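Next, two complexes with subunit A in common: one pairs it with subunit B, the other with subunit C.
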Partner chain A sequence: MTAQDTSLAARLDRVLMTFGAWLLALLWILPLAYAVWTAFHPSAYETNFTLTAPLTLENFPKAWVQAPFARYFLNTMILVAMTLSAQLVLSTFAAYAFARLKFPGKTILFTLVLLQLMVTPDILLVKNYETMGTLGLVDSILAIGLPYFASGFCIFLLRQTFMTIPKELDDAARIEGEGLIGTLWRVYIPLAKPTYLAFGLVSVSAHWNDFLWPLIVTNSVETRPLTVGLSVFSMTESGVEWSVINAATLMTSGPLLVGFLLFQRQFVQSFMRAGIK
Partner chain B sequence: MRRDWIYALLLLLPAMVLLMGFTHIPAIETVISSFFSTPHGRRPAHFVGIDNYLYLLEDDVFIRSCWNNLIYAAITIPASIIIALVMALFVHSRMAGLSFLRMAYFTPTVLPMIAVGNIWLFFFTPSFGLIDQIRALFDLPAQNWMGDPDTVLYTVLVVAVWKNAGFFMIFYLAALQTIPEPLREAAKLEGAGRWTFFRRVTLPLIMPTTLFILVNAIINSVRLIDHIFIMTLGGPNNASRLLLYHIYETAFEYWDTASASAMTVVILFVLSLLAIGQFFWLDRKVHYK
Partner chain C sequence: MASRFLKSTLAAAMLSAVAMPAFAVDLQFYFPVSVGGKAADTIQSLTEDYVASHEDVNIDAIYAGSYTDALTKAMTAARGGNAPQLSVLLSTDMFTLIDQDLIEPFDDFVTDEEGKEWFGSFYPAFMMNSQTGGKTWGIPFQRSTPVMYWNKEAFKEAGLDPDKAPATWEEMVDYAHKLTKKDDSGNVTQWGLRIPLDGFPYWLFQGLSTPAGAILANADGNKTDFANPKVVEALQFLVDMAKKEKVIEDGVTSWSATPKAFFERQSAMIWTTTGNLTNIRTNAPFDFGVGFLPKHERYGAPTGGGNFVLFKDASEDQKKAAVNFVKWISAPEQAAKWSIATGYVAPSPAAWETEAMKAYAKDVPQAAVARDQLEYAVAELSTYENQKVTNFLNDAIHAALAGEKSPKEALEEAQKKAERVLKNYR
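Take a look at the complex of A and B:
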């Protein structure tokens, strides 16, 4: 094979690969593009793809007034903020104990933490619902988040990160008179910032999107998160137009979608970091 | 040392109480209730041995859900893993329009499953949906994909692959970036083609990632079922009913908590096997530290 042959073959190879990559990408973005199309056009153009179709924003206010989306947004934001803060605080404490302290039963306890990566609370629907009944929390936002406050995943990620932090830094902070909280605050938390960010993004998108557990444990407008609200909205038999449902769909995923598009690199890197343990 | 113990106790207490309260204890309680009857009003639950399980074996809907879930898993898991790897190889090769490609592949991951269900619902709608419109261009008849028991499972399955592949791509992308460049150069000098390099070098090196993704894909094939609520409600004729959806309905629509517990034990059993498998077998291959 001459040099020219290889370069030709390589170039052809490259073209084919680029073509394949773009084809797959277009295929993958198609459902979303279709949702965007219907949401921004009058309902007459739901299935009529003419480029001259008039653009409109009216589907969004239409959807907005047909269901209490403002309240759903508020509920989801409370849920996500509450869950993430609890997870970060509880996991920081637990991760420090697992990474730096010696105590009996450490291996067993850590195995129990890891087990939660497999057996997640959302599979144990019946018993967790009973627990919420006992605690008198059914139909509250707290009940949606509470089972996830202690995150095995977060404890695990932070423990791995804390273990890479030199013990000398810990000792130095102690000599300067810092207590446990001070050491965590001045040494561990700043050095583990990328891990916190990574887990934060994973957690926010997970709980923003969670559906089955909130569906079970809430039954009023005051507590329902967006996902459940959207399902109630789109399952009503009243014959809501596609374009309006799609506008609602985009609206509810909007903040995450916009956040993702703006911070694409960090997002992808965070998910990567969360994956490599 | 003793001071460490007290600190550890105080630091771990809140997390462990919640962790056990909502995971380990309910898991054990579920196993226990699977041997008891469903309490009705004033009649408390009584011990029934393995009756709940025997009843499940005769329950056609449960058996159907298990089969559906097996088919669902058997197709979504390999399909999403292979597509994820292809995506990662594309993105890793730094071609034109890289950031668009990455965005297109990854975007489904950030969407809620409910929103995804809504979007795809319109895709599959007979005659008006996009798929049928494309078929119409080729003079193919309209088809009710979600109304036909023979095809409905594949519609929910496609959605799961669409949602998962981009997520798994990220992990492959991370793995591909750890392959040292000198290896590639050495292979080139030896005259190894791209395919040989992929098969002999890349594939073995990303094996731990594949196993990690595999475990996640198995868990997702049990857990990620939200789109069923929007798209099919398990129908028609239970043809798209998956295990967790069936548990939900049994527990919260028919309030048969004993059966639901026995079915949850089936899922717990599968996940425990997975956990044990990972503990004894995977840990040796995947380096956590």
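Take a look at the complex of A and C:
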């Protein structure tokens, strides 16, 4: 094979890669582009893509008044903040114990934690509801988040990360006189930052989007999240008004999208470092 | 920190429980929303009206998502020992709810005479999905039925009388031929007819099988009749319209895009629920008519929509209060208000006699078509293990439309599968 051939092959390879990347990016952006198109145009242009179609903002107020979205926004914020902080605190301690401490039954306990990853939460709806009922928590934001506080996924991720941190660093911190908490705070947590960021993204988007469990366990406007508000638009009997539903979708997913665009680089990097691709 | 939060929440819950007046009965009532407009607000305001005039009862009306979500929510809450006292659920879920031992008939809370009068005040077609084994398990509330909408302008262009809908299957095919328009390259620009069959095909299919003279399931909900030659005839007719006559789009068309296809003149006639009337009235840029589904051996259509059901797990006082509330909200004045706000068919003849409803029917004469069709309407397909059994039929319809199986084969297979499930309930 001559040198020219190789460079040709390499160039072809690059062209194909770029083409593939563009194609995937287009596929990914299409639903979003359609949502933006319908949200900013009158409903007559839902399926006619005329460039000269009149722009309008009226779909947004129309969607906004159909449910108490302001309150729902607040509830969702409280929910994801509460759930994420509880998950991070609990999982950090658990992961450290599984990674570095020696205690009887460690393997069995860790297997049990991993088992959690294989059970879909939908199967546990009734049991979880019963538990919330016993605790007197039905119809509270705490009840939506509580079953997810001890996240097996987070414990697993952090344990794997903690195990890659050299034991020597740990020992050095101990020699300097740090206790267990100090070592965790000064050595492990800073080194595992990418993992925290990656898990944070997964957790926030999962709880931001969760619908069925919040719908079941809550009853009032004061506790319900955005997704429940969004569901009033899925009118199965009388057909769907795409312009209004997409205005509402953009509104409710807007903060997540903006957040992602702002922190995009960090997210991608942290995913690479945390080994979730 | 979490435990302190928990404690304070608990304390708050206890305090609020103590603060309630001891004599008032608390009721929870779940409702699903599946039509546009201000349906949820209307329910809330009706409930508030009732509570304002009845001091001995507090009613918490809770929005519960779609019909499927509402059923999941109610069943989860009931199994978790926290059932609502009342819920609006699909009338076809009746057998499932009885089978799970979650609901109670209304008969025990009224005297025989009251019961006869109350249950008899609704259109009999709506009671078919509400009664079984001599008991009344559901009170009709948000009920509907499919009708045919047609574009009067398209009729004129095709040289048809714009004020006359096709009355029989033959006429419908004939009209549809005249209404199907093609451009120069042979692509269809306007279909004669559209019968959307994506989400719950059995429902509109009942608009064919009933006129053909078949009833798909018995009143005890434990026997289906899918392989009946008349059902086969109905499915064959549907397949022929797509494959042979080519007057409906081949394949499975979408339910939710159907009104849109009508507005944009992609279909000159459509079958859809009467619940779409308000939507079509506001958005159709042309004159349209509403008519019965055409007859074959007879006229016929299924009913659909939701009933009030009474949950078992409640105190006697709660149940009594719940029944009183249902009595009130299903009474003519309230039923009329609800029907006008949403487009659902008011479920009792008396509701149509109220001033508000008369004025509405005068303003929107099309609304009365659905009511008049009720005389010929039958129960929506409903059996024990409803979702499973209904899906056997749905799959058969889709398989026949896709040309994978002949209608006869597909339906016989569906019947066999249904038999296997339902023989346990006889």
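In this section, the second predicted complex is superposed on the first by the 215 of 277 C-alpha atoms of A that agree within 3 Å, B and C clash if a C-alpha of one lies under 4 Å from a C-alpha of the other, contacts with A are read in each partner's own complex, and residues count from 1 in each chain.
Everything that follows uses one rule, which is that a residue touches a chain if its C-beta (ideal position, glycine included) is under 8 Å from a C-beta of that chain, and two chains touch if they have at least 3 such contacts.
Not measured: the values here are computed from a predicted model.
Participant: With the two structures laid over each other on chain A, which partner does A:212 touch: subunit B (first), subunit C (second), both, or neither?
Facilitator: both
Participant: Applying the touch criterion given at the start, work out whether A:21 contacts subunit B, subunit C, both or neither, answering first, second, both or neither.
Facilitator: In the superposition, A:21 contacts subunit B only.
Participant: For the three-chain arrangement built by superposition, which of subunit B and subunit C touches the greater number of subunit A residues?
Facilitator: Between subunit B and subunit C, B touches the greater number of residues in subunit A.
Participant: Can A:112 be said to touch subunit B (first), subunit C (second), both, or neither?
Facilitator: In the superposition, A:112 contacts subunit B only.
Participant: Mind working out whether A:137 is in touch with subunit B, subunit C, both or neither, as first, second, both or neither?
Facilitator: second
Participant: Would you sort A:177 into first (subunit B), second (subunit C), both or neither based on which partner it touches?
Facilitator: neither
Participant: In the overlay, answer first, second, both or neither for which of subunit B and subunit C A:232 touches.
Facilitator: So A:232 only meets subunit C here.
Participant: Give one of first, second, both or neither to describe whether A:241 is in contact with subunit B, with subunit C, with both, or with none.
Facilitator: The second partner, subunit C, only.
Participant: For subunit A, which residues lie in the overlap of the subunit B contacts and the subunit C contacts?
Facilitator: On subunit A, the residues that contact subunit B in one structure and subunit C in the other are 46-47, 125-126, 129, 149, 212, 215-216, 231, 234-235.
Participant: Quick one: in the complex, what on subunit B touches subunit A?
Facilitator: Contact set of subunit B toward subunit A: 1, 4-5, 7-9, 11-12, 14-27, 29-30, 33, 83, 86-87, 90-91, 93, 95-97, 99-116, 118-120, 122-123, 128, 130, 133, 162, 165-167, 170-171, 173-174, 194, 212, 219, 222-223, 225-226, 229-230, 244, 247-248, 251-252, 257, 260-261, 264, 267-268, 271-272, 274-275, 278, 288-289.
Participant: Can you tell me which positions in subunit A touch subunit C when the two form their complex?
Facilitator: 43, 46-47, 86, 125-126, 129-130, 132-133, 135-138, 140, 142, 149, 212, 215-216, 219-220, 228, 231-232, 234-241
Participant: Residues of subunit C touching subunit A in their complex?
Facilitator: 2, 5-6, 9-10, 13, 28, 33-36, 40, 60, 62-67, 69, 72-73, 76-77, 79-82, 144, 199, 255-260, 264, 272-273, 275-276, 278-279, 283, 305, 343
Participant: What residues on subunit A touch subunit B, complex-wise?
Facilitator: 13-14, 17-18, 20-22, 24-26, 28-32, 34-35, 38, 46-47, 90-91, 93-94, 96-98, 101-104, 106, 109, 112-116, 118-129, 131, 146-147, 149-150, 152, 155, 160, 163, 180, 205, 208-209, 211-212, 215-216, 226-227, 230-231, 234-235, 242, 245-246, 249-250, 252-253, 256-257, 260-261, 264, 267-268, 271-272, 275-277
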